[in-house]
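Chain lettering (A, B, C and D) follows the sequence in which the chains are written, and residue indices restart at 1 in each chain.
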Amino acid sequence: MLLIHCPYCEEARPEVEFAYGGEAHIARPVDPSTYSDEQWEEFLYIRSNPRGRHHERWRHAHGCGRFFNAVRDTVTDVFETTYKAGEARK
Amino acid sequence: MVEIAEIAVSAAELKLGTEPVQGDGVRLAHAGPKARYSLRARDAKALADVIGRALPGKIGDTEGAIACLGPDEWYALLPAGTEMPRGEGLAVSVVDVSSRALGLVLEGPGALAVLSSGCPLDLAKMGVGRATRTVFETVEIQVWREGEERWHVEVWRSFATWLWHAFVAAMHGAK
Amino acid sequence: MTTMKRFSGFNLIGEAFRSHQGWPEHWPDKAPKASYDAIIVGAGGHGLGAAYYLAKKYGITNVALIEKGWLGGGNTGRNTTIIRSNYLYDESAHLYDHAVKLWDGLSQELNYNIMYSKRGVLMLAHNVHDVQSFKRHIHANRLNGVDNEWLTPEECKAYCPPLDISPRTRHPVLGGALQRRGGTARHDSVAWGYARAASALGVDIIQNCAVTGIRRGADGAIEGVETERGFIASRRVGVSAAGSTSLVMKMAGLDFPLESYPLQALVSEPVKPIFPCVVMSNTVHAYMSQSDKGELVIGAGTDQYTSYSQRGAFHIVEHTLAAICEIFPIFTRMRMLRTWGGIVDVTPDRSPILGKTPVKGLYVNCGWGTGGFKATPGAGDLLAYTMAHDEPHKINAPYNLDRFRNGRLIDEAAAAAVAH
Amino acid sequence: MTGFRLADGGRIDRRTKRNFTFDGKARWGYAGDSLASALLAQGQMLFGRSFKYHRPRGILGAGVEEPNALVTVDRGPGRKTPNLRAPSVALHDGLAATSQNRFPTLKTDLIAVNNMLSAFFPAGFYNKTFMWPRAAWEKVYEPIIRRLAGLGDSPTTRDPDHYDATYAHCETLVVGAGPAGIAAALEAAASGGRVFLIDEQEEIGGGALSDPAQWAWLAEASAKLAAMDNVTVLPRTTAIGHYHQNFVVAAQRLTDHLPVDEAEGPREKLWRIRAGEVVLAMGAIERPLVFEGNDVPGVMLASAAKTFALRYGVAVGRKLVVMALHDSGWHDALALHKAGVNIAAIVDLRREIAPELAEAARDARIACYPGYAVTGVSGGQAVNGVTVALAGVGKGQKLECDAVLMAGGWTPTVHLWSHAKGTLRWDENWGAYVPDKTHENLRCVGACAGDWDFGSGLVRGLLPAPKPLHESKAFVDFQNDVKARDIGLAVQEGFRSIEHIKRYTTNGMATDQGKTSNLNGLQIASGVLHRPVTDIGLTTFRPPYTPQSFGAILGHHKEALFQPLRKTGIDDWADAHGAVYENVAQWRRARYFPQGSEDMDAAVARECRTVRSAVGIFDASTLGKIEVVGPDAAEFLNRMYTNPWKSLEPGRCRYGLLLGEHGFIIDDGVSARLAPDRFHLTTTTGGAARVLNMMEDYLQTEWADLDVWLTSTTEQWSVIAVQGPKARRVIAPLVEGIDLSPEAFPHMAVREGKICGVDTRLFRVSFTGELGFEVNVPAEYGRMVWEAIWAEGEKHGAAAYGTETMHVLRAEKGFIIVGQDTDGTVTPDDAGLGWAVGKKKPDFVGKRSLARPDIVAAGRKQLVGLLTDDPQAVLEEGAQIVADPNQPVPMTMIGHVTSSYHSATMGRSIAMALVAGGRDRMGETLHIPMPGKTISAKVVAPMFYDPEGSRLNG
């Protein structure tokens, strides 16, 4: 069970309090109708799925309830950092 | 030859306890009726003005029976019947959830162990007067440390029966 | 071509009298040649199958199979070896049944006992919605010529005695869907059998040779692959790299709709025969069978986050065993012997991608999620067909990349959607 | 000495006898004995039969590494446990143990014939045969193989025992309570932090338990630890695995060491420990030697013999020969001699022996054979001698003995280190892998760190083989019967990596998971391949460290506590009124209320008729509810749902349709606007949590600028649906402060007031097509209000109805159920809900996906109604639909039946179906091929009753 530092609660909490939210920094277009089918496909489905540094979303669902972002190494599962939603990509 | 004995009690047959249960150094009881409000706002001050009460500023702190659960979320646990203004039209959310949850109280030197049987938090490090949302195994709860050895647990109504018996199982060493 | 000493009881006895010194290598370890007619990246069951069928059925024998580690060392050697084809949609039923037909008689074809055991796969229904969903499967399967039948709780119990069908359990058994042709096979033997047969047909199996790049020509078409052991030229490259597919595709400049998740499985200590079939329960989240060795083989769930660590969380195992003992309460005293983790590559509709890519000469087979083993011969054959004809077979045509753009998804999981 | 029990010594209590049985025969030992030591004391050498060849086997080790002596312990009905290791089974009065994998008896095992035929069963033999005739694999060969394999028997009844589980936290966790572990614990404890010290054995001490010289110190240290309240010492507790960020799972055995009648409380307890720092002090396991006959009962590890003598006061033989490659063998031999065990000889392949050791041996009158090696063992079910030869070649000479001790060097126990993905380094001095790097706050101390003075030894722990490898009958993995030659064969057949060799030979895959065989296998392979061990690789250790009962792992999650079953506040009433239930998501819901001998069809028909003709009452409390509050509430809902919300006036309700971003329907429900800035949303029962999480996601991450908040109120409200022409009359007497007249309170409106004196949110909505109300009251009043409504209802001939009737009634109106009439691939237009999509809205969740090529393509499956030609034929839900029933299999299926019922109201069957191009097929006859018959049905609009909706007004 991972220990995840919640940037809002400012403490490390057990994974079972959190819900994984997939890759981070994939913003929904302001006006999707302007997107081509290819662009829309990319927004919906294309993911970087890297081996190594991964920017991802978590929600402290059973804690403060907030979504936030994290950088985790997908080979070691070690978190490099976590930061609040809306903050710039780290 | 496989022969599977019937289970003694089924999940459907579990009943929510009504009388307190005394275990080895720990007592499980109902907290009794409460008024409960889910309070939300970006601006704590605006919300405080609406409800006319002070709000704890830091997540996990409590003040006047109001806990700060998140950056824009507070939870009030007040005497039954307490009313609260809704702040119509303002950038706040006041929702009466008095009936949504039940309060269970674990008290005694053994209370920490019972809670820790299914809650993965390091509760020993949780100060008196702190409160947080967390889980007991798969069920979401709120834990309020009301005293060194007194813990108030908020749980949604329909999960209370399971939680009550999970506590009892932990109290009796899963007997 | 290397000669392959035939496996048979007769030869086994013969060899016994000379301490088995006459058995040759299953497959010679080859160094890469400068170029091949076709290259398969990834020597799991699917890649091995593709290499074998390219040589056997489609006449392309100058084939290199390159593998970054040891063949069969990925999900092929880490799964719970369940074989079935009772899928709902026509596309899936045809795909998996193509595989099941190939499983039948594969031992004889490869002259390698892969221990395909038609023990039957029983899927349990625990609520009204399960029943509706399974009946839909059964009717669709029947009209597709795929065997799948409905069993009452009592019939389920008779088929699998350790099952608790008491109506007082948390998720009472309301019935089950049984595919009698379903079952299990020995995963390592499948990999080794294909490897031995493929190399006997001239396929070069090159292990410990990671792909480091994919070379494309001015016209964008594939020219070959860069590897730790140098460049290998070929105008046809098939990638069958499971959890690593995203990484290989990036080398070709392609972003894929894939995510890789940890999946755990575990076995108990071996015991005498007690569990006669394969049982799956989606509602309780458990599936289990008993291996020839006597171990209870149990599939656990995936972790919630993507990872390549091949290491899962313990609470996943807790939930899995709680589910197993809920359905089969006689097993609480059994002991867990070994757990392990694999990396499963999952697509948005949880169905595979098997066919051509936007890059000429580059073909892909991926996205099998947790269900790849059962498809091994079929996936291998269809990848081989697609590479040989530069166009997909009608069975795998629907499993293209376009579906994520045009919305023609094949979503079996959604079809079993959570109810009202 | 009596039997093999030494005159004195050991930690056993010679005043307290323990009676037990082995294979039914009465035996006895002392308190403090293990099953193994007690049996050895009585001269039992034969303990079990091997997995494949059923060879007679004795004790190899004194701990968890034991591969041979597996027993089944029977503690009464439902309490049989197979495959326990005799050295790890604590002796107690009444212990009933039986040997395994033999037929019929341990002494005479007929299946030992396999042993004669072993030449025919080399590694991987099953891949090479059993292929002809084709059918015989499943019918003949496989069943036989299965019966021969499998060690002990599985339990066959429910386990009466209970199991406990907990989380725990500490600053320092020390795994292994040998001298190194105890020292680490004392040191950590001094700093005041919370310390856990856990050890798998009956008492702490580890190696010190086999060294009387350390007992005084051990007693002192134990007392000191016990006295510190920041230290928790857990014996009989095995750390089974290390997981991310120092999460260590350990299992404590609480009662198996006690007589059955004294065993109270849970059998085992699972400790899920999160530690700041983890210190591994798990010691090292001695390595057996690979020589001909090394599996004859009586051949064992030197360290085991030492433990049996010094800890349990048992000599493993009357005349022992030690085969050493390592000084530790000499130290153990001398210790044994000192304890009164007769050591006849020490054989050591090394020519140079440390002078002080050689001298001590001479003083002890122990014959020494430096430069010699054992080349063979004589004896069948027990050792009667060994052959030793100079440098292990030539005929050699026979030494009489009844036990042979192997000292092949040591293997650090790095299992948990490896679980944590810590890297390993090959240590030449040890001839073993030792811990190297880790990213966890984790360290090893003592032997498992490669830090312990065993003296020196031959690092390549192999004896010279007198025969060519392919003839070698020396065993590497004892339990799985893997011989040295099997590893040779694997290499010969082209297997190069240790992973392949392991899988092909099954070396290291037995219940001991290779604790004594992995390294020998590795060294043999490296020898054949002429490549250094480090080139062959290392098989990764996986949890658990030792086999762990399922029971402790699932803890409290069994039987009634397996998973919560959610019930509504009205559930008890339904129960008292004979409701039959169905499970929906985590809830149980009343499905129907049979009266007398009614079956479901009869009950549902009656309930339906009552609702249509009078009034019915339904518990809808499980529906998900979300209170949406804030100035931007309407804007938010407008973006989430397909239809427009801004125009909805306070006091009015609207049906909302929710799509995923992929454009497919995922939820629906009727929602009400209570005030300009406050909505009361409802969702499906199963969708509640999913929908709230999805809305939070958009709100927090896409539209963070909106001032609106979401609060789950699912459990705040009990919801009672009152439906039917008499609905208004039923609730009227109970309602205060709400004008129920049709003019004041139209369909799809909401009012707040009181009912039975309780606050209510009263909805005028209908999922039945009848005049209807949904009464929302605070959950704790649900039962009271329900009973009041019921009492009023009875005056009007009301019926309580369940989900099945609800389904029929809504189907008669063509209302969909998300998850039944949709399946995650259905768009609003497919479902005939195009009207619920705001055409003028620039955007909403899922809108863009609705423009994808395949979604706008013709021929998509559309929801239609079906009327069977035979009005009494009720289609099966899930049945497939074809246009041409006479086509061959595989048929072209054009759709399937999603909902199908007998409609008492219509006096015939009705059905809904998803059919390709369905709306263009109105009036067409389609076919539903069923086993043995084909049913024909006409395509109609999915609206069977009161199409103009006049009944809504009662």
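Here, a residue touches a chain if its C-beta (ideal position, glycine included) is under 8 Å from a C-beta of that chain, and two chains touch if they have at least 3 such contacts.
Since the model is a prediction, treat every value here as computed from it, not as a measurement.
The chains that touch chain A as well as chain C are B, D. Interface comparison, A-D versus B-D: the higher number of contacting C-beta pairs is recorded for B-D. Centre-to-centre, using mean CA coordinates, chain B is 29 Å away from chain D.
In terms of their C-alpha centroids, the spacing between chain C and chain D amounts to 22 Å. For this pair, chain B with chain C, the centres built from the Cα atoms lie 46 Å apart. The set of chain C residues touching two or more other chains comprises 170, 274, 309, 311, 313-314, 329-330, 348, 405-406. Looking at chain B, one finds that residues 2, 4, 7, 10-13, 120-121 touch two or more other chains.
Looking at chain D, residues 156-158, 163, 243-244, 247, 272, 274, 421, 555, 557, 559, 562-563, 565, 662, 849, 852-853 sit in touch with two or more other chains.
Because contacts link each chain to all the remaining chains, their graph is best described as complete. Within the complex formed with chain C, the chain D residues making contact are 51, 79-83, 119-120, 122, 125-132, 134, 137-138, 142-143, 145-147, 149-159, 161, 163, 241, 243-244, 247, 249, 272, 421, 470-471, 485, 489, 492-497, 499-500, 503-504, 511, 513, 542-544, 547-551, 553-555, 557-559, 562-563, 565, 582-585, 591, 662-664, 684-687, 690, 817-820, 822-825, 849, 852-855, 876-880, 882, 889-891, 893, 896, 929-931.
Partner chain A is touched in their complex by these residues of chain C: 244, 246-247, 255-260, 304-309, 311, 313-315, 348, 404-406. The touching residues of chain B, counted against chain D in their complex, run 1-5, 7-14, 38, 40-42, 72, 86, 88-101, 113, 116-122, 124-125, 137-139, 156-159, 161-163, 165-166, 169-170, 173-175. Looking at the complex, you find that chain A touches chain C at residues 1-2, 15-16, 19-20, 22-23, 37-38, 40-42, 44-51, 54, 56, 72, 74-77. On chain A, the positions that touch chain D within their shared complex are 1-3, 14, 19, 21, 27-28, 31-33, 35, 37, 40, 44, 57, 59, 61, 65-67, 76-78, 85-86.
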